[in-house]
Amino acid sequence: MAYRPKDTHERITHRLKIARGHLDKVIKMMEEDAYCIDVMHQIQAVESGLKGTGNLLLENHLKGCVSDAIKEGDSDKSIEEIMQVFKKKS
Amino acid sequence: MAYRPKDTHERITHRLKIARGHLDKVIKMMEEDAYCIDVMHQIQAVESGLKGTGNLLLENHLKGCVSDAIKEGDSDKSIEEIMQVFKKKS
Amino acid sequence: MAYRPKDTHERITHRLKIARGHLDKVIKMMEEDAYCIDVMHQIQAVESGLKGTGNLLLENHLKGCVSDAIKEGDSDKSIEEIMQVFKKKS
Amino acid sequence: MAYRPKDTHERITHRLKIARGHLDKVIKMMEEDAYCIDVMHQIQAVESGLKGTGNLLLENHLKGCVSDAIKEGDSDKSIEEIMQVFKKKS
């Protein structure tokens, strides 16, 4: 179960749907034989949008679950989980 | 216009469609109130799939258009385009 | 002022010094006209070492300063600072 | 052996030395117990400088060795080497 304020939740879902719409367009570009470089730029744009969405999720997570865990003196697992996400970044 | 061998073209399109299917599942995870960390991991997995697809496109581009341009003594624009893609990476 | 346990502090400093030694070798490779691709791989290795060191710092920061700030009900600035570091990642 | 125009070679070496000087300062910051977040930002700045230097090397490599290899109809190894560098990026 997640603890996300309603507006944050909707904002994240909305951005994921934008990324999906963007990805649909990239697939269409391929079907229309678009230039490789143009397709690459659009793929990078989708990646960039997903990164921003992941950052929104992380910020919400730090403000919610992680803060709660730390207040309850139970932060080890939370911090480990964040570090796993962080380490996968570049 | 793009110069992509048919099998490479299909492989790239196929991987983009897999990424879209994956993204659909991420949106569904949000609707089912999945844990933030789990959603983040899945978003990173989609990003990772897109990166791999971008690399396939780049490899094809180097082998095709860029090689042709270099052979024709007209490589400046091609190399600049590649550098633009490369600089946006991390 | 930083709050770093002595062993963590030394581990971080040690890794930064290893990165510096590595970078010295890269400079020497250039002076010896090493192959571009080999130099690039070594530069990426230094980057990778620095990333690992940054992650150690972050983990220590989450366990120390951020946890303290959250317990004192004063987490906004801490979380914002972490998000700034995170957003710069790829 | 590398084929780097003299000015490009010097520019790359110069930037590597700047990165080393920067890293020296980061080590000094640690010795002076600087705030974790400040150290992280400086580490990211060194990483960013190294990335820029790597990009210079790549651009030179594409213009020199890779172009030569492609003209001689011997591009497979060159393209594979570039893809290896590229795949390690984020």
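Each chain carries a letter (A, B, C and D) given by its place in the written order, and its residues are counted from 1.
As a convention for this text, a residue touches a chain if its C-beta (ideal position, glycine included) is under 8 Å from a C-beta of that chain, and two chains touch if they have at least 3 such contacts.
As the structure is a computational prediction, the values presented were derived from the model and not from experiment.
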Looking only at residue numbers at the chain C/chain D interface, is the share used by both copies over half or under half? Answer same or different. same
With centres defined as the mean of C-alpha atoms, identify the chain lying farthest from chain B. C
Quick one: report the Å distance separating chain B from chain C, using the average Cα coordinate of each chain. 28
Round to the nearest whole Å and give the separation of the Cα centres of chain C and chain D. 17
Can you compute the centre-to-centre distance for chain A and chain C, using the mean CA position of each chain? Integer Å is fine. 23
Residues of chain D touching at least two other chains: 51, 58, 82, 89-90
Residues of chain A touching chain B in the complex: 1-2, 4, 9, 12-13, 16-17, 19-20, 23-24, 26-27, 30-31, 33-37, 39-41, 43-44, 46-47, 50-51, 53-54, 57-58, 60-61, 64-65, 81-82, 84-85, 88-90
Chain A-facing residues of chain C, complex: 51, 55, 58-59, 62-63, 66-67, 70-71, 75, 79, 82-83, 86-87, 89-90
